[in-house]
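Across the two complexes that follow, chain A remains constant while its partner is chain B and subsequently chain C.
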Partner chain A sequence: MSRDVKLWTAPAVVVVGFIVVMLLGLVRPSLHTTMFTIGLYALIALPLGLIYGQGGTISLAQGSFAALGAYTSAILTTRYGISPVLSVIPAMLLPAALAFVIARPILRLPELSLALVTLSLGTVIAVGLQRGGDFTGSYVGLSGAPPLPIVGKNPVLVAIALWTAVLIVVVLYSHFVRSARGRALNAIRVDRLLAEAMGVNVPFDLATLFAVAAAIAGLAGWFYVHAIGYIAPDSLNAETSANILFMVVLGGRRAVLGPILGAAFFTFANDFLPGAETHGLFFGTILVLILLLSPDGILSPQALRAMRRLFADRSAKPSVRPAPIADATEAVR
Partner chain B sequence: MTHLFEFLANGIALGAVYALLAVPMSVVWVTTDVIDVSTGGYAVVAGMTAAVVGMPFGPVAGVLAALALGALAGGIFLGFHKLRKQRDAMLIVLATFALMIAIESGVLSGFGTDNRFLEPFPGALTVSGAVITYQSLFNLGISILVMLGLAALLKLSPLGLQMRASAVSDRAAMLVGVAVRRTQFLTFVFCAGIAGIAGVLAVLAIGMTYASTFIFTTVAFSGTVLLGRAGPLPAFWGAMLLGIVTAVSDAYLPNGWAAGVPSLLIILVLASGRMPAAAFTGARP
Partner chain C sequence: MSLAASGISIRFGGLVALNNVAVSVSLGEIVGLVGPNGAGKTTLFNCLTGVAQPQEGRVELEGQNISRLRLEHRVRLGIGRTFQTPRLDLAGSVTEAVMLGFNPRLRQSMFGACLPFSPARKTEEELSARARALVAEFRLAADPDSPAGELSLGHLRLLEVARALASEPRYLLLDEPAAGIDDVDRDLLAQTIRKAAARGLGVLLVEHNVGFVADLSHRMVALVSGEVVAEGKPADVVGDPHVIAAYLGVQHVAA
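== the complex of A and B ==
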């Protein structure tokens, strides 16, 4: 497959998938709301897929960064009358700035300690939001955030706006992983010391990515609060962060589309499985099985190769026999 | 001053329960290179079972339930080693995370959302004006007993020797004839039992809901990493410190802010990267 085709495969799949589901939504309108939920999770999960799948750096603060973005926009629009079009900037910048500042000291920690620190950061943010008094709405949260201009409360337009953002992130992600910076990120995951020896500025690169991931989560929070009109400390919290990690691992942490597939699986399963209290049993069991059988998730190269082999066997074409020696020699040349 | 003494005593009692969560996680970590994230789940299942069955058989039933879940986690651990030629500890950690999600959901389905508790021991001591409940002393006593028992197991028994050999190098242990995988499996089961005891003490002292699963796991993890992962002893002191900080901040900070103090402590300690490395010999996890 040529480089260009590889670059545009993931965005094309996103566009086609979105159109198909939105058309199905004409028959079953609740699918538009479902698409909003998937898009929201995908927007938070995609940058985690990048920093964890490509960079080997776990973060359990994505949900909290999204909450920070949502609260920032809610406070600015409801308290100070600023338009949501302008509030998107601080909603992304505040989580990004916080992430960049804390990234330097914490990103040198090993995976598990880093997971704990980011989880702790989420707890501190949650406590701050809960105890923020009238400013943050305390435990009750903030309501009355205005809808986005043009888009309004129309679920189709909201879904289109959100998925446009997802598409942009997918395009940037696809290009990034094939750029020199993307390869540097993979080098950091494989051997941090070697990457430094090769001239990669590891702390700066990781801190920048961590901040970008937080900014995108903040953008998701901005969408959330202006689509729903309400945000509370429990709306986007540590549990959201854990679920986001689940989606990334399940869908495929190394594939661009993995987090989106994970988000879709999680949302559809939540919608269609009976008895909300038993969902965890289902998700937990599925995750254990996926990790055992396909450790890099559903969209891992290993799983895709197995699927390709399966389909090749199914078609049982005579042409799959080994090529004649003369042809093989030609191919080597 | 009397109040401070009382809060410190409460913190030590709370830390004693936390220690029985952190110590098994630490033992599993050094023996198998895997953090068993479902540790909080074992404690909650044990506590809930104990509360539902009631005295006198509840605590035993609870610990047995925890042991069964430990066997399940150990089975998953062995499954990874059977199926994967190349070992990646992080995958197993994620699998135990999945097991925790499943356990939490199972507890929610089986026991509902109610806060469950067992009647604590009545009565209290008054020392220099500070009130210390018998339940607190009982928790501390059990915690110390478990630590002594663990020390005896690790130092004196063949299983302890095999666990220590596996912790130093599982390959070298295999070469000298230690049944490493069986030892690691038993470590999971044994440590789930300790977490089960913590769950029973917690249901006596503070009560619990299904949501305590995540909280207990976080507490166990925090206690384990706070002072380095050199072994059970730093985990014990780390959890004690966490308990004291929680109790004292609960008493002195405005309502609700105390919940963030242990997390803030963890961020400061781990992000500083100085204190534990200089003060303790354990490698940073």
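== the complex of A and C ==
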């Protein structure tokens, strides 16, 4: 029973949080658009939380994959008259295919090199979109993308649609981390040799999840372009990718809800902070403080364990544990 | 039925790590591979498990050439292994660490792993119960949900063995399992190895500690400077002048 509770905690928190904020939006309607922004960032950040927090594989290309999805859908809907209902498929498949192809050579790189390579990938995509001439709308971008199917332009319905997607990702993510495949991904982060010794095909698993992450970013891009109606090269770019990574690290890369918390923090801070030029200073300071105090972000495993202990029935389980032997853990590090 | 390496040679630059070495282990047999530091034990172990590729020689499993297969394939074929330095997520629970051992035998799709109410959920329950049984059998921790980082080095080594056994291997390759563990854990380890062999597993033990291996194994192979210098019954190998010379120095033999 307790296992099931763990599986559904994160989705329940998302549903409750969403309903509360949307109800507050009855008093303050701007919250509905704020919720859209948070949901958009959360959708791009969640799969990064999976591949980085669980798999130890960093990526600074999520924003660019979202742009790729947005552009794919914008071009298909405005130029070829295809319905957004259908264009969502290529908007997800194209980033996924690109990610899968490039994953094999690059995902064996160490963390810093991987960050730089994925960042340059984003730059290549951005330059391609800027220099794409009429086809991509050059520096101006593309406008006139039709509104989202069914929900149209109603901000409440748009937010509900987007957060349904977020909820589905959270449900899938929660189940994945508590499966053999999730443990395999965790093993890859801890030690690739260990993962191989546990029969894990490391390059294939990483490439697949990298592609899935790109596909979900592409879905976010699709939401973006059809909710807002236009897309430009600097709408979703390398800076977005960096902000997404910030959200994941700040919110807690090991926790399912970490990226969502990070996205909410980032969006609200952006709304309430005066003067865009001071934002960098503020976020930089916050990041340094969090990493010093809790290297795994706000929702770190330690913080979650402390919370669970707070809610757990203390009398239920006497905690008899073998005495921790300090030098044993030292020896295996 | 055996796992056999033959004619294995590996050079690292000018250094000959292994020179035309052969070693084999049959089902139900415990083979001890001993030798002083730098003899090439770990290199030979790596050739058998697929971590290192020999420049010459071949590795065969039940007569089939598996020389070119990578580590993860060999594990799925039934060659389980442990690591000299325990490798695991110290922040995760003891049960989760053991559950990872079931992976080589599982065929779970990424899709199925994500879905609620899928067969993967039932699998998860079963694996958790089986892992808890192993934790109890190996007396790894009083609380199976406690973090693996709280275990002593001896218990971490036992955990490695439990995890390797979880993959239901036909051959179990242990890299220095008894190094740095106390007598109680060592007895439990010896018992476990005997039990595994009695169940029909082939066990290859790489050990520095000759006494532990001599008590346990049916057959011993002594490796010195990348060459097999003695092979046979434990008593013979332990008494072999080459082995004594390698461990204690040549003067001892002369005197």
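By definition in this document, the second predicted complex is superposed on the first by the 302 of 333 C-alpha atoms of A that agree within 3 Å, B and C clash if a C-alpha of one lies under 4 Å from a C-alpha of the other, contacts with A are read in each partner's own complex, and residues count from 1 in each chain.
Assume contacts are C-beta pairs under 8 Å (C-beta built on N, C-alpha and C of every residue); 3 or more make two chains touch, one makes a residue touch a chain.
Note that the coordinates shown come from a computational prediction; the quantities given were computed from them, not determined experimentally.
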Partner chain(s) touched by A:178 [first = chain B, second = chain C, both, neither]: second
Chain B versus chain C as contact partner of A:79, first or second or both or neither: neither
Touching partner for A:308 - first (chain B), second (chain C), both, neither: neither
First (chain B), second (chain C), both or neither touched by A:28: neither
A:199 touches, of chain B and chain C: first, second, both or neither? second
Touched partner set for A:208, first chain B, second chain C, both or neither: second
First, second, both or neither for A:117, with chain B first and chain C second: first
Footprint of chain A on chain C - complex, ascending: 49, 51, 70-72, 75-76, 81, 83, 85-92, 96, 99-106, 108, 110, 112-116, 118, 120-121, 123-125, 127-128, 141-143, 146, 149-156, 167, 180
Residues of chain A touching chain C in the complex: 3, 7, 171-173, 175-176, 178-184, 186-187, 189-191, 193-202, 205, 208-209, 212, 301, 317, 319-322, 324-325, 327-329, 331-332
Chain A partner contacts - residues on chain B that touch it in the complex: 35, 76, 79-80, 83-84, 88, 90-91, 93-95, 97-106, 108-109, 214, 218, 221-222, 225, 254, 256-257, 259-260, 262-264, 266-267, 270-273, 284-285
Touching residues (chain side chain A, partner chain B) in the complex: 102, 105-106, 108-113, 116-117, 119-121, 123-124, 126-128, 130-131, 238-239, 242, 245-246, 249, 275, 277-288, 291-293, 295
